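Lettered A, B, C and D in written order, each chain numbered from 1.
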Amino acid sequence: MQIEKHKVDELNHQQSNTHKRNFEYVAADVANLDEVLAKVGAFNVAIPSWALGTGGTRFGRFSGGGEPRSLEEKIEDVGVIQALNKSSNSISLHIPWDIPENAASMNALAAQLGLHFDAVNSNTFQDQKDQKLSYKFGSLHHTDKAVRQQSVEHNIQVIKYGQELNSKALSVWLSDGSNFPGQLNFRKAFQNTLESLEEIYAALPDDWKVWVEYKPYEPNFYSTTIGDWGQSYLLASKLGPKASTLVDLGHHLQGTNIEQIVSLLLMEDKLAGFHFNDSKYGDDDLTVGSINPYQLFLIFNELVEGMDAKGINHATGLGWMIDASHNVKDPIEDLLQSVQAIKIAYTQALLVDKAALVAAQQNNDVVLAQEILQQAYRTDVRALVAEASLRNGGAINPVDAYRKLKVRENLINERGLNTVATGL
Amino acid sequence: MQIEKHKVDELNHQQSNTHKRNFEYVAADVANLDEVLAKVGAFNVAIPSWALGTGGTRFGRFSGGGEPRSLEEKIEDVGVIQALNKSSNSISLHIPWDIPENAASMNALAAQLGLHFDAVNSNTFQDQKDQKLSYKFGSLHHTDKAVRQQSVEHNIQVIKYGQELNSKALSVWLSDGSNFPGQLNFRKAFQNTLESLEEIYAALPDDWKVWVEYKPYEPNFYSTTIGDWGQSYLLASKLGPKASTLVDLGHHLQGTNIEQIVSLLLMEDKLAGFHFNDSKYGDDDLTVGSINPYQLFLIFNELVEGMDAKGINHATGLGWMIDASHNVKDPIEDLLQSVQAIKIAYTQALLVDKAALVAAQQNNDVVLAQEILQQAYRTDVRALVAEASLRNGGAINPVDAYRKLKVRENLINERGLNTVATGL
Amino acid sequence: MQIEKHKVDELNHQQSNTHKRNFEYVAADVANLDEVLAKVGAFNVAIPSWALGTGGTRFGRFSGGGEPRSLEEKIEDVGVIQALNKSSNSISLHIPWDIPENAASMNALAAQLGLHFDAVNSNTFQDQKDQKLSYKFGSLHHTDKAVRQQSVEHNIQVIKYGQELNSKALSVWLSDGSNFPGQLNFRKAFQNTLESLEEIYAALPDDWKVWVEYKPYEPNFYSTTIGDWGQSYLLASKLGPKASTLVDLGHHLQGTNIEQIVSLLLMEDKLAGFHFNDSKYGDDDLTVGSINPYQLFLIFNELVEGMDAKGINHATGLGWMIDASHNVKDPIEDLLQSVQAIKIAYTQALLVDKAALVAAQQNNDVVLAQEILQQAYRTDVRALVAEASLRNGGAINPVDAYRKLKVRENLINERGLNTVATGL
Amino acid sequence: MQIEKHKVDELNHQQSNTHKRNFEYVAADVANLDEVLAKVGAFNVAIPSWALGTGGTRFGRFSGGGEPRSLEEKIEDVGVIQALNKSSNSISLHIPWDIPENAASMNALAAQLGLHFDAVNSNTFQDQKDQKLSYKFGSLHHTDKAVRQQSVEHNIQVIKYGQELNSKALSVWLSDGSNFPGQLNFRKAFQNTLESLEEIYAALPDDWKVWVEYKPYEPNFYSTTIGDWGQSYLLASKLGPKASTLVDLGHHLQGTNIEQIVSLLLMEDKLAGFHFNDSKYGDDDLTVGSINPYQLFLIFNELVEGMDAKGINHATGLGWMIDASHNVKDPIEDLLQSVQAIKIAYTQALLVDKAALVAAQQNNDVVLAQEILQQAYRTDVRALVAEASLRNGGAINPVDAYRKLKVRENLINERGLNTVATGL
């Protein structure tokens, strides 16, 4: 199913008076309005191929209807999202859940929908049918060299798939770790991981990057071999300039100041990008901005400040990707809400009065610093986000449009009620 | 496969000199030795039917070989455990994972192995094939009366299965909750749950109990409708004397003082019993005693003190059950380690010098109170546990015996390498 | 120092055009505008007497200038706050930090500033000079009856002070707990506490309430005798209808769903009210709304929904109080920011489309439920809050007015640079 | 007050039969008994000068009697500890709480008691009387160069004091951080800190080290500028080989796998040593081993394994120090319990069957790896610790001896009931 542009335009037209009023109100106070709109308009967040189906937990999965049955249908779903929000122009594949058997045809389909392929993701946390050696006790960190070798080869295979799709980065998340004290020698596990990553690094094409994710626990519950930003940073430093650290917002212990980590990784030129989601407990993989939207804003505040200080292009300098699990929501609606939340936070961060903030910080005027941040955060920027979308041909309100255009009903008609997408 | 007693005896015989030396050393300082050994010998922990296969996470499951393919084989596995440790004389069924189609035959098999059936567990957190209404948005708390009714009927059905097996308690764990702010009206969810539980309560046979479990999160990540001990207690109070609160050690926020909760529930006559496991993060379902054995001891210290104050029989007054997930261990070995850890903690708690502790507490002699507790905890009571097992015909070292008797190899021969037990 | 109304009016006048534009914009979409403004205008949050000086930690305290040197000066400071925000018309005293030696004169001073006295707070967590028995090992829970008696008498004394000031509630926070396993018998500690509270309860005047606070840790780090809402609820239930549970936002383990607790306490008629603050870790006592403003909104959403369901008057039915510590901010500015944050969250909660939310919840339309909540939350309601203040004679922007009126400079001139207020 | 050796001997004599029986029992199974006893006998843990008085919280402090009134008396108290446990042969000073006005005389006093001076600690988290600039907003990270300079000079001054005492390391703990979003520019704060540390580093004598501590929160509750091991490691790497990371056990978010951090810092040659304590929540500063003794053992297991792999001398290669706060215990008793707990954990770690563990790890035999660790941990090694103490002339049971020798009573007689030691 594809969204016809005139239908989106029609819906926008119906809402245009209200939008106009809202936009003019908020725009009046934005000094650099065109710049803000241009930046928001240029901002895109990749959609992961595994997030287009209903997610689940170890206790089960309650599938919804009309889930994509193939990679083609997943690409089409991203096409729907992109048609509505004009901020999701790429898709991030997960191998082997979504092996692009025919890369040329995938590239063509994507291009037709205004999409391209973002980072490719390897998977050595599950055993696949007919796999020779098991990942039960890890992959890149494994005590058995043969298992490490198998994992390295899988990653190199993923790079090859990615090259055919014009991806430029390999994203590595390892579940390698231990469930019990004594299970692992931490030092050897780290060194095995480093050695394995070095082999993968050596296989990277010249213009590629490798992004090293960290996570403190789950699916292992005593230790994870790349457990925090420091461990990922240490690996990335030893690997070289093509390696950097990927931040998944749900991969932190409670209380972690994520925005500080973001700031320091930027300082060290080691921030790869993000897997966006929200959480109340652990890696809950909830809709971005659904639990703690202020934290998301604070992260974007550091991003904008730090990228500007480093001269990094907001739209293209880092990797932006959703990584969420939609257990009780329509996956596409969840993704639309997530991307909106990101754009809202980004827009608010653009509105922060930096000069005033720098001065308040210099004077330790803590009250004023808070007022400056909250002035931006309290501003209802939704009309700015909508305007940026509108100017790109997207919907004023993507979720609303999705519902009014009865997309899910159409997908169910096309695909049936009992489809189950590959993924978690 | 069944363990032949003479083989256990033979292994014990080989270790008898060492055991004798260890036992005599530690026994010399135990004033009420016979009482301690009798209590430890009488202590049994139920094995859940779902814990005999390899567990997994949402990221996958790595099965081991020789997993039980039927309820009969699960009962046989519990028979193996009981033959080795003489402390696992009952099995707790989970419906519908393990529907006892022929109760008489199950009872006979169990009796032959020296086993009986403990509490039965309902399951309204997963949809079963051909189920009319979905539990995607909960069961007993559901906004739709028809779903609540279906869940109530399932629970009543489980009671019926339990009656045929001479169970005396229904254990209810609900995953009901919400993933996002706004999803639920907390008050209505609570009241729906209460109303549903009242219907189940009304269906309880005279000599039955209903045990209400609580859990703060997972599989829902914003709220759980029975989220903490206070909420479970509130429900149990409103339901009546047959209802009480079941404590699963992994179902708490980090930092919760579980032993205090145990003490207060005992005080209020509302402690049903335990699901034992250990955890570093959340409901990790790790081997009991593998992460924080001192906490386990502190819990048993409260149990012994509180049960004695209330005149509750240690062996039979509360429900004792393992609830763990064996993702990287042989399930039977994991269960054997867990039961040993429980028996060790219980024995240590029996050794606490209560009179001295009461006096130290009365005098606020905090240093001495710690010395008294740690005197018991630091004591190596493994020989006492072994002696109690020995006197009951069990193994001195159950894990060691299990390996030497090559039980898993035999099970694989019998059942094959690629069996997968029902359960999580 | 007192704020002259004409100066506030003058500042408002300077900002009136901007305010008018903002107000008209947001007001246009508020159906029940007058009702909302009336409710916001009627909403007041008490200021604690101990929060008018700079706070500190165990590592030290960095005092600011012009701190109040007496209870009179503290009352004057609250007068300043009230003159600016018209939402802080009461003061909550802490005994013995602020003993009102001459109640008549205190009442007169307060009345002159438009203030009255809210709940009185007892203190049995510190030893006072010339105190007979020490609270080192607790107070109401103490193993020594004489210490319990001393604590009870102190609380009754506090009630007497409160009666002279026309307070109507005693707020009890106990630090009673233990630092080490074994230190306490939890059951006896609970029962001693109950017995002590019963004596205090018996001394309550007919129209008084007692509010029982809970807290999981600090200053004790192993257990707290009233550690969570369940324990407070249990005590309040046993005590009777005049007793209820006070929620301090910082008194929870990480991850606690506070809004659910609020909803259930309201359901059970046991919610006394709030100590407002914000936190990232524990009882950080940071400015309300500075860390997680969405959570504050979610709490107010439950409050509005639950109070309306119970027919509780928003302004007077529960106790609203700040309890924060201002370690790096001017205390008055911190309090002004806090009260603004509360009023913003309350106003947002009033804007929630309840009928739509109820319908979405009934249909398990989780996406829509989130949209409805965030529609209210994303709305920039600051102009509504400002208008309510304006209509009551307060400032459009209290913090801004405080600075422009150079209040702190005046206080320093009056009181000096090196004053230190009593309190933490 | 000094402990007379013959009195300790006399007490030991009374317990010698029991000790002999216990020792012989446990020693029989220790293959390398002499080596173990030699290592345990050589192991010493420094006592911090600030830990000899009663500690407190922001809610107050309940002093005990006989606290040391001067540095001399603190040194004497450490002499008492050392006389009893023969494992506390050094003292770590905190400047300016304990300025050694006359270094020669302090050295002489220490030497007479068999003591020397360990690392010196600077303090830029409190303002001292007559201090020119305030540390309210930090020290080494301050936005104002002059404050940074003052802090640097203080640290250099502390080094000078240390040189006179033959210390060889400066231990730096900064409270620098922020309480509110926006207060700090994280990057600039980090860079200011680095620049300041570089100046201190430059002032280090040739044979000195600088130890950089990290802590996630308290006294700042939003961010800490050296917040985790990664940030400390980053600084230490940039500084050079004399800089390394100091681990305080209480300075971690809940759930942190500290033993993994220890292992990796050892791998990178960046582990300076430890501040030992225990905690249930945050930096609770409780008696070592009082809350989670198994974790302490796991840390020592990594230490022994990692130091052996690196050829680091257990006794002298790293810095071992207590850092606890004794709020409800006699400080000396608390310290004696802490050192015993450390020695127990160390001894258990020495008993781990390394060859078997390496093999189990290599085979991913998780069950066996746990059995191996717990075999060492479950062993009651107290008689080994006692024997090592005995051979050095210390007490079999230091806490017991302290009480029987009525040390506190003597100190109260000497110093009075109402003394208050400098420190927290």
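Everything that follows uses one rule, which is that a contact is a pair of C-beta atoms (placed from the backbone, for glycine too) under 8 Å apart; a residue touches a chain by one contact, two chains touch by 3 or more.
In this text, all values refer to a predicted model and were calculated from it rather than measured experimentally.
Peer 1: Name, by label, each chain that touches both members of the pair chain A and chain B.
Peer 2: In this structure, the chains that contact chain B and also chain A are C, D.
Peer 1: Tell me which of A-C and C-D has more C-beta pairs in contact.
Peer 2: More C-beta contacts join the chains of C-D.
Peer 1: Counting only Cα atoms for the centres, state how far chain B is from chain C in Å.
Peer 2: Going by mean C-alpha positions, chain B sits 43 Å from chain C.
Peer 1: Quick check: how many Å separate the C-alpha centres of chain C and chain D?
Peer 2: So the centroids are 40 Å from each other.
Peer 1: Could you check chain D for residues that touch two or more other chains and list them?
Peer 2: Within chain D, residues 136-137, 179-181, 183, 216-217, 222, 254-255, 257, 280-281, 287, 290-291, 294, 328-329, 364, 366, 370 contact more than one other chain.
Peer 1: Going by the contact rule at the top, pick out the chain C residues touching chain D in the complex.
Peer 2: 55-60, 62, 125-127, 134-137, 175, 179-181, 183, 216-219, 221-222, 254, 279-282, 284, 286-287, 290-291, 325, 327-329, 424
Peer 1: Would you tell me which residues of chain B are touching chain C in their complex?
Peer 2: On the chain B side, the touching residues are 136-137, 143, 178-188, 190-191, 216-217, 222-223, 227-231, 233-234, 253-257, 259-260, 263-264, 266-268, 294, 298, 301-302, 305-306, 309, 357-358, 360-364, 366, 369-370, 372-373.
Peer 1: Report the residues of chain D in contact with chain B in the complex, numbered from low to high.
Peer 2: It comes out as residues 25, 254-255, 257, 280-281, 287, 289-295, 328-330, 333-334, 337, 344, 364, 366-367, 370-371, 374, 377-380, 382, 399.
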